[in-house]
Each structure stands twice: as C-alpha cells, then as structure tokens.
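Presented below are the structures under discussion, each in the form of structure tokens.
You will see two complexes here that share chain A, one where it goes with chain B and one where it goes with chain C.
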Partner chain A sequence: MKSLTILKYQWKDLLRGKWIVGYGLIYLLIADAMIRFGNAGPKAMLSISNIMLLLIPLVGIIYGALYLYQTREFTELLLAQPIDRPSLFWGLFGGLAVPLAVAFAVGTAIPMIYTGMIITASTQSILLILLLGIVLTLLFTGLGFWFALKFFEDRVKGLGFALVSWLFLAVLYDGLVLLAVFAFGDYPIEKPMLALALANPIDLARITVLLEFDISALMGYTGAVFNRFFGSLMGISVAFSCLMLWLGIPLWRSQRQFDKKDF
Partner chain B sequence: MISIQRLRKDFGTRTVLNELDLEIPAGQATGIVGPNGSGKTTTIKALLGLVKPTSGDIMVDGKSISGEWEYRNKIGYMPQIARYPENMTIGELFQFIKNMRGSDTNRDRELLEYFELDNEIDKRMRALSGGMRQKVGAILAMMFDPEILIFDEPTAGLDPKSSVQFKRLVHREKEKGKTVLLTSHIMSEIEELTDHLIFIVEGNIRYDGPMRELMELQQEQRLEGAVAKMMEETAA
Partner chain C sequence: MKLFKITTILFVGLMLLLSVRSAIATQVTVSKDGDITSVQTGIDQAQPGDTVFVREGRYIEYDIRINKRITLLGEGEAIIDGDEQGFVVVVEADSTVIKDIEVHNSKAGFMDDYAGIVVEGAHYVRIENVKLVNNFFGIYLAKSEGTVLKNNHITASHQRETNSGNGIHLWYTKDVEILDNYVAGHRDGLYFEFVEGAFIAGNKSEKNIRYGIHFMYSDNCRYERNTFRDNGGGVAVMYTSNVDIVDNHFADNWGSSAYGMLLKEINRSTVTGNTFTNNSVGLYMEASSRNNVEGNEFNQNGWAVQLMANSTDNTFSKNNFVANSFEVSTNSRMNYSNNFDNNYWSQYEGYDLDRDGVGDVPHRPVRLFSILVEKQPQSLLLLRSLLVDLLDAAEKFMPALTPETLIDSKPQMEPVL
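Let's look at the complex of A and B:
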C-alpha cells in the first residue's frame, strides 16, 4: 500500500518535470516519421523497433542510475518514516520505470492509431513491439538501479559502468559476435552462438522481433541461427523467458542490496 | 526509552562506533556532542534504521529495532541536509508524508504559521531557500506529534530569529514530556535545550551523564569551556 502512495507522488513529480513528456514525444515523432516513410507496413515497424532497441536501454540504464543518486536525500527522509525497505524500493522503482514505459507505449501507439496502422497491420506485431519496449524499459531501469546501488558513494563510477554496459550490450556485442563467427567459421559454433544471444537482453529482444517478422537472415548471424535452431514459436518463447530472467535477476539483486544498505 | 547495547559499526576497516553502550532517558532532552567524524550522525542513523549495525542492538521501549519499521511511528527526524523532490510544493510534501503515515493531523498548519511559512505552502521545493527547507524539515519531524524527536544539527542553516523560534518550540515539546535527541556544534544551544549530555570521540563514549555534573567536574561556568577542556584531554 505504501508503495502505491510513493508511486503516485513520484508520477506527479515526474510529470511536473516535463522531462518524461519530452521522452514520450520523441517516440511519437519517430513513430510518425517511420510510418510516413515506411507506408505503415512491417518495414515501419521494424524501423521503430530498431530505434527502440537502442534508445530504451540507454535512457533506462542512465536515468535509472541517475534517479537514485538524485533522490538520495529524499530516500533517506523516507527511510526515516515508518515504512519497510522493500515497499520503498518497489515504490521508487515503479515510480520511475512505469512512467518511462508508459511514455514509450503511448508515444509509439498514438501515431499508429491516427495513421490507421492499427487496423492495417497485424495486431500481434504491434502488441509484441509495445510489450518488448515495456519489458526493456523495466529491465534496463532495473540494471541502472543496480549500478547505482552498487556504487552508491561514487556516482561517476556508477554512471560510467551504466554507460559502458549499454555501449557493450547495444553496440559492441554484435560486432564481437560477428568477429567470433569469422574466426571460428569452420567449426560447428551454433550452440555457442545461441548461448551468446541468450546472454544479451538487447539481442534477445532483437531476435524476438526478427522471428516475429520472419526476416532473421537480414539482421545478424545470431538471429539466423536462432531461427533455424528453434523455429519461430519455440524461439520466441525461449527468448522471452530469458528476457524475464534478465528482468528478474538485476531487480532481485538490487532489492537485496537496497535492503542491506547503509544510508 | 532508548537503550543502545554494545553497538558497533564498521565501514570497511574503519570502526565508526566502537561497542557503544547508551541509555537515552525518556522524557528528557539529550545532547550528543563530539568532534567532526566522531560518530554522532551514525549513531542517529543506526537508531533510525538507516545504518545497519555490524553488531550490537538498539531497543526502543524494550523492543529490538532490528528488521522492524513500525517503531518509527514514534519518531520524528530532522536530517542535517534536507532535500526534497524539486517539483513538489510544501503542501503536497506534507500530504504525501501524511498519506504514508496514515495520519490526518492538522498540526502542520499550526507549525507553518508558527514559522511564518503559511503563505509559501504552494511554493515548489526548488524555489525555497536553505533556511526554509530546514524549517520544512523541522515541521515534518514535529507534525505527527511523535514521542521521540531527533534533530541532527537543526539550527545550522537558520537565521538568528528562526533559530530562536525553533529552540522555543523544542522547549515546548520537551515540556510536553517528549524524548528529544539533538546533535549540534553550537554548545550554547546544547546548554539551553538539553539536560543530559553524551560526548563521543572516535566512536567511544567519553562522557554520559547530566550536563551540570560535567560542568562541575571540569570547573567551568559554560558548557563550551567544559567540552573544549574534555576535547583537549582526549587529544593529549
């Protein structure tokens, strides 16, 4: 119950900050532009998901970390009130992650509605993209929280690690995978490739999108392997359960850390 | 009644509190003094559950606080540095904490008037001066009428007038039978407000007893002199 009270006030505070509205507007503009250029087909949706796969992790992880640093004194004040730490943790997390997820979902959905894409395109694909965006938001905000709690006294370190993790997962990872493919191309490396794909939440989300649109050959080696190995439906469910693990573990660790922490 | 038993806190290899044993008497005002970094704030934070002790225990009204949170219903706390969500107004902040505590007290109105902040209630937190924020912190600590009041250097950012106002208010709370715990570097303030004194140096208690006795012991008229003498003795 107390989590909800915190949640409510934080939403209000975030909305006042206008920052979150701007964040939603970015998605609105992107989705609008992509639908205009891509003729409301699967191409538009692919473009939207490509941008989403870069932007959501970045904003989630950086803002997640920054947020805990910014609200440090306020957190201390709340901790001095009669509230248990898990409630406060979930209140803080929900107070940030939920508005970020809503800003993304609403910003992306509005152009789809007024361009009529929601009727012409497959509902399943639209819902999948929105759902993936929401999961990625929660996941990377959780990772950001984890970094901030791990390096609570040293915000430069915390933010640095957050930024480097994003760079690694979103940009460098695929390059390294390709490099591995080049180097060990003569060996049967499909299983290690699968493991590599499972180890990166952004790759997991990307593979889910690829499998949904059935164009895995276009985007990266990992997608192709995944497709061949699992077949579409199986692939999606495996990727999604791995995503859930990626969502759960950092949050669980963060909450434990928050529980034991000295403020 | 607060009793601290063999409380120890290590940050890494540094021992901040070294097996502290303290009884903070109920219905009295207790002052904690000591040099910077001596462990005053850590003691208070341990009492609030913000800092988890390495070993030892704290009892409030005979019950251990370890892993508990309900006992904080009895406590009002005013921190050293008070920062609040920038976009919240004073009124919203108070309403928020009221919702959290599940209380519908009207005492915040009265206290706002007392501190002459009643016209600022719709002001955003970021528009407030440091002193105003301190006052907001003081009101937050006192508005729920808790049995135990904890102030961590409360007057550090207040102008003389507000400082006097604040002290008068603490006096009144004390008279009502509240347990007051206060840290400060301003000895005259401690002298004015408290009856019981705790002197901490590097996590060890150097003095724990009635303030008058210390002054007699050190043959000083003012607390400042007595504490200064004690600090010199520890340094020597």
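Let's look at the complex of A and C:
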C-alpha cells in the first residue's frame, strides 16, 4: 500500500517533468510514421519492433540509473519516515518503470488505433509487441537500478557501466556470437548457440519477434534443433520464461542491495 | 457422272442412317438391385457409344476395363471400390467419358503404379467430376493425347513418400487440359514428365507429401490460376523450355528444402502475375536462363528469390517485394547478366528527390547478411540484430562481398500494379 502511495508521488513528479510525455510522443511519432510508410502491413509492425528493440533497452537502463541518482535526496528523506525498505524500493521502481512502460504502450497503440491497424493487422502480433516492450522496459529499468545501487557513490561509473552494458548486449554480444559461428561452424553448434541467445535479454526479445514475423525464414534452416525449437510452442514459452528470469534476477539483486544499503 | 451422283446419295444416306443409329445409342444401367449389379458386366454389355449408368451404391470391383468408347456416368454416391486389390478403372478406348462417379481404394505397390483411373494409350478421354479417395495414384495418364481432366477431387491420406503415388500423373502425353481439380495428400499433387503442350488451370494442390506440382521435360506448357499450398517441397519445375506460369498462387510452403517454386534448368519461360506468400523460399532459380519474371508479388517469404549464379540472362521487372526476411540471395559474387529493374522493394532505403516515382539511388537486394547465412546457416539466428543491420549498412556503402552488378537501378517508390 505504501509503495503505491510512493508510486503515485513519483508519477506526479515524472509528469511534471514532462520528460515522460516526450518519451511517449517519440513512440507515437515513430509508430505513426512507420504505419504511414509501411501501409499498415506487417512491415510497419516489424519496423516498430526494430525501434523498440533498439530504444527501450537504452532508455530503460540509462534512465533507470540516472533516476536513482537524481532522486537521492527524495529517497533519503523517505527513508527517514516510518516506511519499510522493500515498499520504498518497489515504489521507486514502479514509479519509474510503470510510467515508462505505459508511455511506450500508449504511444505505440494510439497510431495503431486511429489508422485502423488494430483491426487489419493480426492481434497476436500487436499484443506481442506491446507485451515485449513492456517486459523490456521493466527489465532494463531494473538493470539500471541495479547498476545505480551498485555504484551509488560514483555516478560516472554507474552510468558508464549502464551504457557499456547496453552496448555490449545490443551490439558486441551478437558480434561475438557471429565470430563463434564462423569459428566453430563445422561443429554442431546449434544448441550452444541457442543457449547463447537465451543468455542475452535483447536477443531473447529479438528471437521472440523473429518467431512471430520471420518464421518462414527460420523454418528454412536445415538444422533439426532449430526447427524443433522454433516450430513449436516451446520456442516462445522458453524464450518468455528466460525473459522472466532476466526480469526477476536484477530486481531481486537490487532489492537486496537496497535493503542493506547504508545511505 | 450419274454413277457418281448415285454413289454420293447412297453414301450420304448411309451416313444419315449411321448417325441415327448412334443417336439412339442405348443406356445400360448398373444398380445394386437391378439386373446388372457389376460395372464390368455393364461395360461388357454396352455397345460403343452407349452410356453405362451407375446408380447409387458401393460396387466392390477392381481392374474394370473400358475397352470401347462409352460414357461411364454415376448417380448420387456411386462408388467403385477397388478394395486395395488392383487398378480400379482402366481406360483403353479413345473418347471414353467418365463422369460424376467416385473411385476408391486402389492397391498400393512398389512394382506397379496402381491407380484409381488409368488411361493408357487412349486419346481424347474426358474425366469430369470424379471423386478419387485413397488411391495409390489418382489419375494416371500415359501416352494419351487431347485428354481433359476437369473438376475432379482427388485425396489420399498417406504418410510417407514411399507408399504414396501422385494425384494426377502424366507421362508422355500431349495437349492435355487439366482444369479446376483439387488434389491433396498424395506424393506429388500433379506430376508431369515428357508432356507437351498441356494447359493446367484453376487447380488447387495442397498438403501433398512432396511437391504440389512436379514438372519435368515438359515443353510448351502453360499453367495459370492454380493454387499450391502447404506442400512438403512446394513446386518443382525442371528441365523444360517455354513454360508459361501465370497468375498462380504459391503459399505456406515451409521447410529447409521447401520452395514456393523451384526452377531448375528452365529456359525462355515466363513467370508473371503470380503471388508468393509465406514460403521459406519464394522463387528458387538454378541453371535457368532467359526467363522473364514480371509483375509478381512476393510477400512475407523467408527468401523472396534465391538466384543461383549459374542462372543467366533472366529479367526481373515490375515485381513487388514486400516484407520478406531476405529479398534476393545468391551464392556468388558474380552475376551473369540477370537484370533487375522497376521493382518495388520494401527494404529500399533510398529517396526520390525529383518525385518521378523512381528511387534516385539503386537498390541492392542482396544483403551482406544473406551471404553470411549462405556460408554459415546457423548465423540465421542473428537476423534483425542491430549488429547485422550495421554490417549491412556498411556493405551498402562499399560492396565487398555482395555481387556488384546485382542491383535494381530503377527501384519503384510505390508498389507496382
């Protein structure tokens, strides 16, 4: 209950800052443009999901870290009140992650509604994109919180780590996977590759998008391991449960840290 | 002179008499509770030109021979059931008509090509509105000319390639018309070998174990408005010249060796107005040359076109490539005068400053990533990764691995048609 109250204050604070509105507007503009140029077809959905995969992790992780630094005084003030620490943590986290997720979902959904795409496109794809965006927002805001709490005294270090880990997960990691494929391509590396992909939340989200939009290409792959993984409901469910793990672990770690922290 | 007149009159009279005789051709009725209870007996008792009328019921008979020109006509659910004993109906006479009947359960075997209806060495046969269920081969035509298969419904429920025959099987035939048939669950839906001048239109072939249509050494054929859906290997057209493939629909063929349409050693043919939707590979071309691929629609395929480097002098123009994972892929840096122009590419990222509807910078449909995937298929898992997009963008500026000449110099800004 207390965390809800905190969440409410946070929300008001965020809205006053206008930042969150701008963030939602970005998605609105992008989605609108994509739908206009993509003729409301699957191409528009794909472009939206590409943008989502790029932008959400970056904004989530940076803003998550930054926000905790910014609200340090507020947090310390609240800590002086009779509030238990878990409530305060969830209030702070929810107060940032939920508005970010809502901004994304609303910003993307509005153009889909007024262009009528919500009727013409497949509901499953739309829901998948919105859901993935929301999960990614929560996940990367959580990661940002974790970095901020870990390097609470050293902002530059915390933000640096956040930025570098985004770069690593979004670009470098795939480069390493590609290198591995070309180095060990002669061996049966399908299973290790799947494991590698499941170990990176951005790749996980990307593969879930692939399963929805590029399944015809994926089914063209010769390896039986991939086919069995992608061809069944198992693919989506495994990917999703791994995403949930990625969501849970950083949050759990940062809550532990928050509980023990000597502010 | 007079003699000539008389003979003429006599001849005409004779002809008239003959025509009257054929006009009063009789009808032989086969029914479960009548005098004739067997289809074969009915045929044996009929004179050439007669109609053998089969009333509703299930007739368990096999190796029925039609050795004179008759019309075999069914009523209601007239079923001839081969009971998996042999061929069901064997047509040996020219101009035989089989209509409105059902043929079930031919024998399956490895030594003989057992079939529901076999037409061997008979010409101008017409098979119409026949329902063939669970036969090894459905309709088997060999050495037949001018035969018409129309509006037949051919289904089987076999599981494996080895114990299943083809739905419509043509071997050494000429000028055959195959119209509005439905084939499902056979090995190959339609199979053509050494066929000349066939016209295949409005058929639907789906859920077959191997190919929707399997087409070899069959020159001068035309197929149009057919639908080939969800077949194990899609459609294969091989070793043929001069085929017209028009307004067909190739969809949902998924798998590592499934192609919307596979063209192998096809020359001087046209592929126009077809739609390729949701296939692993839309159009695959190997060792094919001087073909014209125009006005087709490639939507949401894994690979819209796979063009092997041993294909030469093909033109691709005015096609729409929309939302495919890969637009064109190839296996070499060389491109032997395959020409792409005036296509619409949804992955085109150029601009049109003079607003003439044609993009100002050429489009390179072969992405670097498609070459990586060609070399190491496992890297497919990195599709739509930011890294891959960056690599593709770099390659577009300075092509180092993709074929330099495989470009569309006049990419359209809006979908064609």
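Throughout what follows, the second predicted complex is superposed on the first by the 245 of 263 C-alpha atoms of A that agree within 3 Å, B and C clash if a C-alpha of one lies under 4 Å from a C-alpha of the other, contacts with A are read in each partner's own complex, and residues count from 1 in each chain.
One rule holds in what follows: contacts are C-beta pairs under 8 Å (C-beta built on N, C-alpha and C of every residue); 3 or more make two chains touch, one makes a residue touch a chain.
Predicted model only: the values in this text are computed from it and were never measured.
Peer 1: May I ask you to decide whether A:41 touches chain B, chain C, both, or neither, giving the answer as first, second, both or neither?
Peer 2: second
Peer 1: Please work out whether A:206 is in contact with chain B alone, chain C alone, both, or neither, and reply first, second, both or neither.
Peer 2: second
Peer 1: Between chain B (first) and chain C (second), which does A:79 come into contact with in this model arrangement: first, second, both, or neither?
Peer 2: In the superposition, A:79 touches chain B alone.
Peer 1: Can you tell me whether chain B or chain C touches more residues on chain A?
Peer 2: C
Peer 1: Of all residues in chain B, which touch chain A in the complex?
Peer 2: Of all residues in chain B, those touching chain A are 11, 45, 48-52, 69-73, 75, 77, 79, 81-88, 92, 96-97, 99-101, 140.
Peer 1: Considering the complex alone, what residue numbers of chain A touch chain B?
Peer 2: Within the complex, chain A contacts chain B at residues 2, 5-6, 9-10, 12-13, 16-17, 71, 73-74, 76-85, 260-263.
Peer 1: For the complex, which residues does chain A have touching chain C?
Peer 2: 38-39, 41-43, 46, 50, 53-54, 170-172, 174-175, 177-178, 181-182, 185, 189-190, 193-194, 197, 203, 206-207, 209-210, 213-223, 226-227
Peer 1: Would you mind writing out the residues of chain C in touch with chain A in their complex?
Peer 2: Chain C residues touching chain A: 254-256, 258, 278-281, 300-303, 322-323, 325-326, 346, 372, 375-390, 415.
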